[in-house]
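Labels for the chains are A, B, C and D, by order of writing; each one numbers its residues from 1.
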Amino acid sequence: MAELFSFPKVEFVGNKSLQAGDGFHYYNADEVVAGKKMSEWLKFSVAYWHTMDQRLVDPFGEGTATRPWDKEGEEGSMALALAKVDYMFEFLEKTGVEYFAFHDRDLAPEGNTLAETNANLDKVIDKIEQKMQETGKKLLWNTASLFTNKRFLAGGATSPFAEVFAYAAGQIKHSLDIAKRLGSESYVFWGGREGYDFLLNTDTKRELDHIAAFFKLAKDYANEIGYTGQFLIEPKPKEPTQHQYDFDAQTTIAFLKTYGLEDTFKLNLEGNHTYLAGHTYEHEVRFAREAGLLGSLDANMGDKLIGWDIDEFPNDIYEATLVMYEFLKNGGLPTGGLNFDSKPRRQSFEMDDLFYAHIAGMDIYAAGLKVAAKLIEDQVIENVLKERYASFDEGIGADFEAGKLTLKDLAEYAENKTDADINATSKSGRQEQIKQTLNNYIFSVLGA
Amino acid sequence: MAELFSFPKVEFVGNKSLQAGDGFHYYNADEVVAGKKMSEWLKFSVAYWHTMDQRLVDPFGEGTATRPWDKEGEEGSMALALAKVDYMFEFLEKTGVEYFAFHDRDLAPEGNTLAETNANLDKVIDKIEQKMQETGKKLLWNTASLFTNKRFLAGGATSPFAEVFAYAAGQIKHSLDIAKRLGSESYVFWGGREGYDFLLNTDTKRELDHIAAFFKLAKDYANEIGYTGQFLIEPKPKEPTQHQYDFDAQTTIAFLKTYGLEDTFKLNLEGNHTYLAGHTYEHEVRFAREAGLLGSLDANMGDKLIGWDIDEFPNDIYEATLVMYEFLKNGGLPTGGLNFDSKPRRQSFEMDDLFYAHIAGMDIYAAGLKVAAKLIEDQVIENVLKERYASFDEGIGADFEAGKLTLKDLAEYAENKTDADINATSKSGRQEQIKQTLNNYIFSVLGA
Amino acid sequence: MAELFSFPKVEFVGNKSLQAGDGFHYYNADEVVAGKKMSEWLKFSVAYWHTMDQRLVDPFGEGTATRPWDKEGEEGSMALALAKVDYMFEFLEKTGVEYFAFHDRDLAPEGNTLAETNANLDKVIDKIEQKMQETGKKLLWNTASLFTNKRFLAGGATSPFAEVFAYAAGQIKHSLDIAKRLGSESYVFWGGREGYDFLLNTDTKRELDHIAAFFKLAKDYANEIGYTGQFLIEPKPKEPTQHQYDFDAQTTIAFLKTYGLEDTFKLNLEGNHTYLAGHTYEHEVRFAREAGLLGSLDANMGDKLIGWDIDEFPNDIYEATLVMYEFLKNGGLPTGGLNFDSKPRRQSFEMDDLFYAHIAGMDIYAAGLKVAAKLIEDQVIENVLKERYASFDEGIGADFEAGKLTLKDLAEYAENKTDADINATSKSGRQEQIKQTLNNYIFSVLGA
Amino acid sequence: MAELFSFPKVEFVGNKSLQAGDGFHYYNADEVVAGKKMSEWLKFSVAYWHTMDQRLVDPFGEGTATRPWDKEGEEGSMALALAKVDYMFEFLEKTGVEYFAFHDRDLAPEGNTLAETNANLDKVIDKIEQKMQETGKKLLWNTASLFTNKRFLAGGATSPFAEVFAYAAGQIKHSLDIAKRLGSESYVFWGGREGYDFLLNTDTKRELDHIAAFFKLAKDYANEIGYTGQFLIEPKPKEPTQHQYDFDAQTTIAFLKTYGLEDTFKLNLEGNHTYLAGHTYEHEVRFAREAGLLGSLDANMGDKLIGWDIDEFPNDIYEATLVMYEFLKNGGLPTGGLNFDSKPRRQSFEMDDLFYAHIAGMDIYAAGLKVAAKLIEDQVIENVLKERYASFDEGIGADFEAGKLTLKDLAEYAENKTDADINATSKSGRQEQIKQTLNNYIFSVLGA
């Protein structure tokens, strides 16, 4: 097959020139970091909806990008849908990304019934399956769009309208069939419209009961067909709805535990979503990890001064480092990866920008991985914690942790201590020093 | 005893004059609303920390208020601590508020050891107990301050320092003894410093394990002494910490369920805290109610354009109405009430402003109660929901709710429906119309 | 002509029923408030872009609404463009709204050159002109869209690309010709993309020089053709750009004064935009009024917990009252009005919702007008201020205001006063009391 | 004099060890960057209020720090005030910081009248003057606190109470006398309470008229005494007030131009304040620079997810680089510097943390300076802009800039161009690539 993109295959070039361009400055697939090749740790994934389908529309203006495959067929045609697959796989090949991810509706046009829509979709899946076999590229996860079509104006699994609910169920069934067929490592639910726009016209309890039951039916079906990929929920606090039920990691955990779903699901955490919920990305990753629920990452970022989802390609070394720190502590992401749920800025409308953007995103996470690995190698954070919590490793602290003490025991122990004695046991948090050390690590590891 | 305040006893005056002043315009204690007297529904509570102890300090300036009791003793003296009790009870008497709430440290000065501090405190408790017996005023809830003293710089139950942790345990023990003695309806934990300032020096998992075990020890002790008041957690997302573990209602629910504490605690929801977490007050109250965890309300408000806690006395009829709507749906608050965790603005520095502020707060919730009761009487919201979710009351919707269907059944049902047929079942959300109806109710009920 | 909408002509019905529906509960066109008929004060305007063209699309989903005029022609056809005009004028007639507003691109499809586009547009303008003559409806303002088409990806008057800049100039020229022809009371510039997405690729100074010069050319042209309508800038802080040059009222004033444009422009203030800039609506209206620059109002609202522009129809009586208070203090808006830059919520997808939404918007501003008029009649705020600033009406305060004193004079006056004496002159701000009085006025005036 | 601090004199140690500690890793005073020594570019300043007076209090808790000088006298005593001066100068000596800054009230206790207060203050100023002569340390700026004392509850120069206003004038007079005496390079006004808490009890116009006149009296007085330091306003949007009149750079510029003060003042820009106003720090610095009003920098940072002022020591290399880029474009800050309006975190309560924090702050700005200098040396940004705006350097663009064209000329030029031709002139903004290049520069320059 003739080359579709003139952009060259992306290779590691290092910092010979500082100008970003068509090579990696930090991502070096075969370089071993923390005992594994970068390419083994960093299961990057291209997002079909952004990279193939996004024309850089925003609410105040039409798309600015045209894509080479636009010429391959009418908008909304099967011809175009099928042609896009070739471009996708060459894009994966050229960037060296091994995974991809999609919503059902990214791939093929809708028909007039779900049956027709499924038929359209299956033709594209046929082609994708074949390309996967040919190239070895893999499906990180797939999902179903229960938010784009107007039928879902009040949600899918939480729609107040039973016909829409049934349709959503049918769509998920087909989507799980595809997950099984393509060996999708995970299956994602992002409840974009599963929430409310207006509290007073919403029976929040009834809707949550519905979606929990819906998830159980989906899991039953996956079991039935032998699909064993990890189910994931992707939290987001709002947008498009005023309130999305999966507001953040903790809200989702509360939901899972309320409905007995905590063994069925893990979390897919997106950077930009975390800010919209008032958190840092590393916060959400930390808490998901410690809950044993860190499933996968939508590796993008936002702007903490901007109140909507911008899905920017990641470029912040602090965030990349801290997320990679949690990632390494988690032993990586066995059934997940780093999916670029990211799009170029609206002014970066050229095809080359799509390449540059993925290169930049891969590079910053490679850089973050290297810094995090070195921090762990030197036990920088671990030593801080060890010293800080030392009083719980012995004496009264250890007794408490061992469950040997009552409230009365503790009270008795404390009652006659003087303030001066107690305060003498407090240690400085050393935040300024630790942050400076972090900077030193970043500059030193990456400047080497 | 001679009258301490020249401010007259606050009576219901209605809207004879529109100028706010020393009477209630809406709160009419004996008026029956939704089948009960206002005074039975609305268990208002005065917050000792704000009303007695707050001098309207802010981070950029000293206090602007002096209080009549300041002359009764040196700052930090037992004389002053004891004198304040008289003022408190006269304040309750004059405003007609039946409940109060306090932190241990609001009442009495600290000594050099916990034992000394407890001894100081107990003298004030003696006097309070006596005043309660004389006046019939009641304790809505008490709590322990694990955040003011510098020993708690890194938390109390989540302190990395075992001596501080033991001290916190001792303090809670004594605080529960007081709850038992005074018949406190609830016991509140607000974890102001139970969180982190800096993620990298914090062992979040170990700290959460600690606080969960701490809560269990506290409950065991309450059981041991026969204290049966409701345990409450008051969520807040941040401030003073960068992240507080009890971020919001859902985060707290996740925590309770993770550690098997969901039967031990309910929630005390503060208005201003909800905004800081990105929610409306009515949202948090709704979700707590539906989870069966609505315990009590800290009836204040904030400013959604201001990023810190301002604890303003409530004055918004929309919020008051919607919170009272959830409140009535909950059957009121059997073991809780409406505690004014509120302070006058820094420029409202006169003693009269303290009265005006409580009058305004009581009036707006009385007004909200009246509107909410009328909305329910007319089934305004109930009818909206009934019609909106009707398709789940029969046919495929009802079968799904009854657990009779699999994903396949639903898929089969939907597969050959046309888009047109499905879309025809969607109904308008009518948000604009409902909001206008709400306005009509507010103006009509309150202008009558 | 046959009736196009089945919705009945909207009449004043008052609060006979509290249920919102097809009549006004507060807007009574001929009722005299503050010495004028409501219809004379409240120059409401329908926004063509929302009411005619908006299909309730959002960034995550297609439009949910279809409109009766959709059947009149292909999307993007002149037939449809011309048919819409009839619907618009019947909508104005049925709601009793006397004004409308539009962007050039709302009206007619674009051609392949500006000349062709102008020709399309002129055909629709011909029809609008005729309808205006027939019905007496008026144009509140028109504007040019320099943001929708992809050519404006980096702005129009601030585009880094001279061809685009020239095109923008051409578009404005034609738009001013239309303003002149239709007797538009004002002419609006909303610089949706006049700002930056990325500071490092933007020559901010050069861009600001360009747009200032552009505005001068536009004014020269208006003078040349004898167009005397008021030029307006509509500030917005961000969205779609990361930073819009006209961030808020003060930023726009700084710009106008920097470039000597303060006599050319006034401000068109939109409610939702004010929150995005961190302000209340009444704040922006107050400061524009006091600067002599209050031109017109885009009467909508947002959600202070939502970080993007939602353009909700107004429904908050507090905001409506305070904005109407400033409005009355301004003597109304001689060359402006209250334009509903507002759209129904995405779930309010029926044609009836468009009527309900306008009814609700008109009603809340009518209600606000009545409350504000009564507040002024009773001099509620005026008396607060008179008493509060009394010390500047005599003595040292008056001497200072009269310019009679130096810093030394003031220092000498103050130097030996005791703190006690100075503090005795401070007065309480009485915020709680004033807010309760405001509530009493709202409920009493509107419940009557 | 015996050494007061055991902390060693801070020296440049580079990245021999990555652990932050008692040496500089990047700040190397004599190293030449962009043609000057680092120490000449970076006029760092220690803030008296934070470094000497701050005990790490927050609104929910008492101070956590004690300082070595606390033992030198009673709180509020002259003995303590005088002793602190020695510690301050040794702190400057050990850190190698050449400047300091203070509010009048940081230095000495207040008396019962302004005259007494001034007398106290003058004794400390005597000692400071002598220490300055001995050590060569310099005063970057001084200011007057018109916000801490309760008399200023409603502002100083905008107080509604004439007695308070006169007191404020007296205080400024004395403060200017000190500026003159100590050769302060600038004189700062931060209007912490010059704004409103409640719009309805505030005569905003009258207050702004007052403060403008006040500023003119201050300038007249400075002229009279021959004080020629640069007057600066430090903007902040809110906190403690709900709205501060000097919201941000643009609001302040609008004010200055409205009252003819634009030649009297420049701006002192604080990092944390910029976020609270919805801006990045580099944005505010850029716009102040381009307006010719960049006076000085309060070099701190905040947390964009936190809604209040945290005054954290700077540690973000992106912000430091971009601010230093603008700084270099400005030719440095002739009458200003980098004042650490920063405090250690509340858990960093040890004296060593004060040293570590300053070291970290100096290091990150030194690092930023080096990266910015290299970016300019390589003309990275300049080349981006040159290419991007090239169409205004010739042809129609240049003619427009030269003022040769009317709106009609531009329209005529554009009218018959096709969309395709116009769009072909647009260039990609290349944001992703530029950001990656920026990362490459940071890592490469600092890792070297």
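Following the convention adopted for this analysis, contacts are C-beta pairs under 8 Å (C-beta built on N, C-alpha and C of every residue); 3 or more make two chains touch, one makes a residue touch a chain.
The UniProt protein names, listed by chain, are A, B, C, D = Xylose isomerase.
Treat the numbers as computed from the prediction; the structure is a model and nothing was measured.
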| item | value |
| --- | --- |
| Any chain in contact with chain A as well as chain B | C, D |
| Which listed pair, B-D, C-D or B-C, duplicates the contacts of A-B in over half of its pairs | C-D |
| Higher-contact pair (C-beta pairs counted), A-D versus A-C | A-D |
| Rounded Å distance, chain A centre to chain C centre (Cα mean) | 40 |
| Chain D, residues touching no fewer than two other chains | 150, 153-154, 197-198, 201, 238, 278-280, 345, 347, 349, 426, 429-431, 434 |
| Interfacial residue positions of chain B with respect to chain C in the complex | 15, 18-21, 25, 275, 278-280, 304-305, 313, 315-318, 344-345, 347-350, 352-353, 356-357, 359-360, 363-364, 367, 378, 426, 428-437, 439-448 |
| Chain D contact footprint on chain B (complex, rising order) | 57-64, 147-150, 152-154, 192-193, 197-198, 201, 238-240, 242, 276, 303, 306-309, 345-347, 349 |
| Chain C partner contacts - residues on chain D that touch it in the complex | 112-115, 118, 150-151, 153-154, 160-167, 169-170, 172-174, 197-206, 208-210, 213, 217-218, 220-221, 237-238, 243, 247-248, 250-251, 253-255, 257-258, 277-280, 282-283, 286-287, 290-291, 322, 381, 384-385, 388-389, 391-392, 395-397, 400-401, 403, 405-408, 410-419, 421-423, 425-427, 429-431, 434, 438 |
